[in-house]
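One structure is given below, encoded as structure tokens.
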Amino acid sequence: MNTFRRLMGRVLGQSLLALAIVVALWFGAGLTDRGTVQLLSFLMLNILLAQSINLLTGIAGQISLGHAGFFAVGAYVAGVLTKTHGVAVPLAMVIAIAASALIGWLLAIPAGRVREIYLAMMTTGFGLLCFEIAKEWSVTGGVVGLSGIASPTLRSLQVFGWMVDTVDLFRVMLVATAIVLVLMRNFVQSHHGRSFFAVQASEIAAGSIGIARGQVKRRAYAISGAMAGLAGALYAHLVGYLGPDSFTITRSVEVLVMAIVGGMGTIIGPILGAALFTWLPERLQIFAEYQFMVYGLILMLIFLVMRRGIAGAITEPTRFIAPRAMKRRPDDAGKPVTLQAESNAPQNRPALLEVHDLGRNFAGLVALDGVSLALRPGQITALIGPNGSGKSTLVNVVSGIYDPSRGRIVLGGDDIGGEADHAIARRGLIRTFQDPRLVPCFTVRENILLGGQRHFRSSMLAAALHFPSTLREEIAMVRRAEYVMELAGLGAVADQPIESLPYGYRRLVEVGRAIMADPVVVLLDEPAAGLSEAELGRLAAMIRYLRDAGKAVLLIEHHMDFVNDIVDDVVVLDSGREIYRGHMQGMRANPAVRAAYLGVSQDCHA
Amino acid sequence: MLELKNVSVTYGTIRALRGVDLVAQPGQITAVLGANGAGKSSLLRAIAGIAPVSDGDVLYRNASLKPRPAHQRARMGISLAMEGRRLFRHMSVEENLLLAWSFGPRHSPFTDAVQAVYDAFPILGDRRSIKAGMLLGGQQQMLILSSVTIREPDLMLLDEPSLGLAPIIVSQIFDFITAYSKARGTAVVLAEQMAVMALRVAHWGYVLRGGQVVMHGASDELVKADIVNKLSAAYL
Amino acid sequence: MDVSWRSRAILTTIAASTIAAAIANATPANAQTVKIGATGALTGPYNEFGEGVRRGALLAVERWNAKGGVIGRQIELTLALDDQLVPDRAVQNLRRILDTPDIDVIIGPGGSGPTLAVIDMATVDGRPYCNPQAQTPSILYPDGLDKPARKNVISTAIQNDVEATALGNYVSSRFKKIGLMHESTGYGVSGIQLLAARIEQLTKTKPVAIEAFNQRAQDMTAQISRVQRADADVLVVIGLGADMAVIRRNMLRLGFDVPLITSGGGISLPYKEGAGELAVGTRATMVGTYGPGQALKGMAKELADGYSAKFGKDRWWGDDPASPQLFFATTVGAGFDCANMLLEGVRRAGSTDKAKVVAALNALTGYEVANGTANFSPQEHKLLTPEQIAVFEYFKDDKGQVALRIAKQ
Amino acid sequence: MIFAAQLVFAGICVGAVYALIALGLNLTFWATRTMNFAQGSLMMLCAVIAVGVLSGGFNIYLGLFAGLALTGIIAAATEAIAIRPIAHLTGSMGWVVTTLGVGIFLQGFVSKFFGSQALAFPSFLFSARDYVSVFGIRLSAQYMIILAIAVLLVLLFELFLKRTAWGRALQAVAADQDLAAVMGIPVRVVVTLSFIASGVLAGVAGVLVAQITGTVDAAFGFNLLISGFVAAVIGGMGSTWGALLGGIFLGIMEKLVGGYISTAAEQGIAFALLMVMLAVRPEGLLGEKEFVKV
């Protein structure tokens, strides 16, 4: 089975195969009857719609039950402009796409605030609202609809004097779809696409590596809207008539079903799903009046047969690094890649991160009570203390997940207290989590590459069009990732999805991701928990590497031997206050520390 | 009463517990000591039936608990107080207690049972109608503990009842536990980081590290053997 | 990535050729027969309409074949596709039909939505097309009722303006303050506009209220209260039977007990059963063909007998074993008449050449079918005129059963 | 005045039915964090079965019982075959597809075996003519009884939640399954029971609506399901009072908009309201914010 999947993966991954299919369809359309061409045209529409929802829901994780809304906007704008206002078809199409992109961008503002079921409801509401407007507004022709839109079926679709017939229009749609798919693949295999996935996996984690979740969501909605808008505009000219019945919630659900059944988060999946559900109705006609029941049964049971949708069943998941970036040129093979190191740093160098009298309360109880810290370049500071002593709270406040209740946080000279977490991360303060927060479906390589987010510069357009500059950037980052993986001893599993790997690897990968970010300050929250001896060794090596590169490291850890071996000095917290600061030996002897850990109170001696 | 035979717990791919043997007697307190991450919680969760036991067996009254899901074990008189302030925050103090009581053996009527709790911890009585989420840390710990005792269990599993509490409250809680188990012959397994305090009340002690028992024995012997330094070695 | 170039090339060509082969499927069929293509809601929530039309057409085909076919050729209903009243699928189906070259005549989908979506295609194609049920006027008359009809499209539907005229004539002569309600669909909206215009033309006064409702709304208090507040002395509704039942019940809940006069929907079983006793007094317009108490004759009888013989007395026939329900005329009857008129056109044209047949249909006069007599001209392409529309009324018969009778004029 | 009163009254009654549907949705949401898209079809099925049994010459109440029993069973089955097996596939959204599948299957089943045309549903709670008049406002007896039943059920449910052990168990399972388990609560059983309950609630709602409309058909229920969603969200997922409040609020809103602005705008306004509601206060009127720990 797996070998089959791998084979299929290889076959379907062939850009030449894709090309072959496009070519075949191009010429095949000429040979077959127009009924089939029409059906194929609808297939193209469904592919576009399914991919549009895939980008939003499958990749950016923002579930949409209102895609008929975007579809309607695109269709009606194109229809009204060409028919009512006599705008040229291509221009109208562009405007239609822009319009639905704008609507998407606007929808993202309220929708970005809600999650899961509430988001589903919000988008449902959006879809239904669009439907009601189409139904009641005079401009859209109301319930009677908008008929006589330039269309091949009416022999009335002219572009620059060229009379477009059904086959021509199909070919246009074919090419449009192909282009969109290519752009989408490039996009998904760029740092932009990866940032979408990061937001889906964990918004907190995304923030911690410098991804602005709000911006990502707005982009996702806008792009998705644009794709659906394109589908709508094409639909208007394909059918030549627009009535509200074509934009009901049923449409939204159908599209979502196509994407889910095909396989969300992959490129091939929604294509297969669209194909299946474009032909299914025809095929099901043999079941006559039982076809509704059969259709229902199929939806009901599909996931018992294929847990991850069609794509998951027949092929391997899409990868998220441009393949071309993976082919390293021989000349620079093996060259070591180093981070920009503030070479061996003397202790007296000014602190990179200073925390003054930091305090944080939660609903009355005080989690942090006036803690002060200074992290210097090339220095590893351990932060220890019993459970609930405020260690994690400290990290969360410093990394911008919680706002401080009082006190100042100074990073490289400027006060960052109250800044958004992603902004702080972009400044170079990177943290890891007690429970590693990675993108489960990403490989080790892809997850580590995510650390580089804050260094990528190329625009979305450049990424989608695969500019050389983008490629160069990607190659450089991929090579740095290579180096980090060697450092972490992860080379062997570089291309395995993280979800398939033992827990220990996840910790190492998360620390690797932090190194990849080439940070200024690193906060590691219990990186050693649950690691084997061997893994501990690698972890130590990685942390030392950071130190030698002149980074300031804060290490929260309970594993004392581990701490002992690598830290320069240690700070002990208890119930939100600092109770000890100094070197390890002193700490062991310190009565306050013992009391905190063992419950020996000063007065009595056991 | 309770006997663990070579029990291992594995979450996905991490082994939180590796071949642990442990015995707990009725009317006695067995302390499980160790820094956090040592596997104390996994041990208790394994006994309660909400942690995946990958190896070994848990015997309760000489019968294997393997085939029993968590809720059945609870019905058999095993009661776990989880760490991390796990209680129903949106329910009032009394609702929490009522819920705990409803699905217990119900030896005594609720009114008496809850009264007993309020006698032991008057503060809970005063705040009976406050939402549990609104309580202070110490009060939450008391509530969690009471949600266990109100079920009048035969085996009490307490996970870090002292967590983040002032020493005075801790000793208060420990005294309560001791008295309770003496009075009812309840077997208590007490997972604690505060080793010295725990050993004061416990009869037996097990020290965990990296998911394994590194030493165990009668608490007084452990104390005699200058446990504190050994422990600080184990912890720090 | 490490597939060799050759295998890629092979792969490519194989894929290309297979796909090309797969989609290039020309459908051969014997040109001996005259072929009818049809699309309609054969399944799904609306198959009451589509399936009825299909059966009617089938009966017509058998009738002709029994008489030796047309222009010496047998007739077959080659393509009867299912669109479930979904516009997109109607479009796909009609495309398939139009692209089957040896289809000679076409029976379109039911319902205004799908028909509006396909009608322009059919016009451009030019083959004879019959619209069985969709009532929106623009289906026959895209440029307005006074302009000529689409050359190749004929209709057996009760066109909105016909229904509106019949309704308008009836209510205008009897009531002063007329309140209107309509379902918010193409049918309902265009229907109500025509009706309002007709009423204004006859009474020189506007209707006191015009309210819209969604199909399957459970409560119409808002709409009815508005009509009630406008102090109407009659409520005229254009919509489906089930919704009429809701309206009737809701009226009485609000104590708004004025006469209810409705479009064809009021005749349907859902209304009769849904409103039950409350239906008594309700009046509704319908094709008179299968009106109660009148002896069936001619093609109408032929159809009724043929149907009960072939399909028995099922839900299309209705609950009275003696004669079909009135609606029979607009479901089975519509399909039957469509097929008959199209085939008669072929007969008179003496060929299946579309230009000739269309010409013949434009001059098809004095041809009797189940629901009336076709008297077509370039301007007139619809079978049903206000004359064939009767007003019926629910009453309690001597057995205390709710029944229909022709309302006294 | 009378006019406004009529609208408000109707709004309250219709809203009460929305509340019932919302309550059913809440139940499944608590138990599994999913929304059962088959809920609408269950409403339809219950009414249809009742009609079927009636036309079989049996007593209507027998029919209602049969219908409610069946919807309860089917709801439980839905959880077992359409939700539980894919529950662990987090973020797969599979449940949207599977529960929808159940709904479509039921629709297909009914239109095959009961016909696709609307079936008459008998008035067994008074007739549309019966009414009581309060201060000259005419209140339909049918609406009164429907309102009474709906509100009563909501109250009973709230009582069940707050006063009975199983009710509290349900809350416990919704809040923290592990903790519930160590408290001795049989989580699986609770989940199944809550689905049965949601099915029954859907059934009752279906029957009550059929009382208003007088007919029921295969497509019946879907738009009601949407209204139920809206009501649930406005009120705040997981709050019983919220469901009632949200339902009635939505109902009154619709009627007043219909009565004073335009009957065409009813729906549109409801959806706009939903979106605003979510944007401003995602946790709904009476919902509680979920505390997300880092």
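Order of writing sets the chain letters: A, B, C and D. Residues in each chain are counted from 1.
Here is the rule we use: contacts are C-beta pairs under 8 Å (C-beta built on N, C-alpha and C of every residue); 3 or more make two chains touch, one makes a residue touch a chain.
Just so it is clear, the structure is predicted and the values come from calculations on it, not from any experiment.
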Contacts common to chain B and chain D (chain labels): A
Which of A-D and A-B has more C-beta contact pairs: A-D
Far-end chain from chain B, centres as C-alpha averages: C
Chain A and chain B, separation of their C-alpha mean positions in angstrom: 41
Chain B and chain C: spacing of chain centres that average the CA atoms, whole Å: 75
Distance from chain D to chain A - Cα centre to Cα centre, in angstrom: 36
Centre distance in Å when chain A and chain C are each reduced to the mean of their C-alpha atoms: 51
For chain D, residues contacting two or more additional chains: 107, 111, 264, 267
Chain A residues counted as touching two or more neighbouring chains: 136, 289, 291-292
Residue list for chain B, restricted to those that touch at least two other chains: none
Interchain contacts, given as pairs of chains that touch: A-B, A-C, A-D, B-D, C-D
Residues of chain B that touch chain D when the two form their complex: 48-50, 69-71, 74-75, 79-80, 82, 86-91, 95, 98-100, 102-104, 147, 151
Interface residues, chain A side, partner chain B - complex: 363-365, 386-389, 501-504, 526, 529-530, 558-560, 575, 587-588, 593-594, 597-601, 606
Chain A to chain C touching residues, read off their complex: 10-11, 14, 16-17, 19-21, 23-25, 27-29, 31-36, 38-40, 42, 135-136, 142-145, 147-148, 151, 153-155, 166, 239-241, 243, 245-246, 281, 285, 288-289, 291-292, 323
Touching residues on chain B, where the partner in the complex is chain A: 11-14, 16, 35-37, 83, 134, 136-137, 160, 162-164, 167, 170, 193-198, 223, 227-228, 231-232, 235-236
Residue ranges of chain D in contact with chain A within the complex: 29, 33, 35, 81-82, 85-86, 89, 91-94, 96-98, 100-109, 111-112, 226, 229-230, 233, 237, 264-265, 267-268, 271-272, 274-276, 278-279, 282, 294
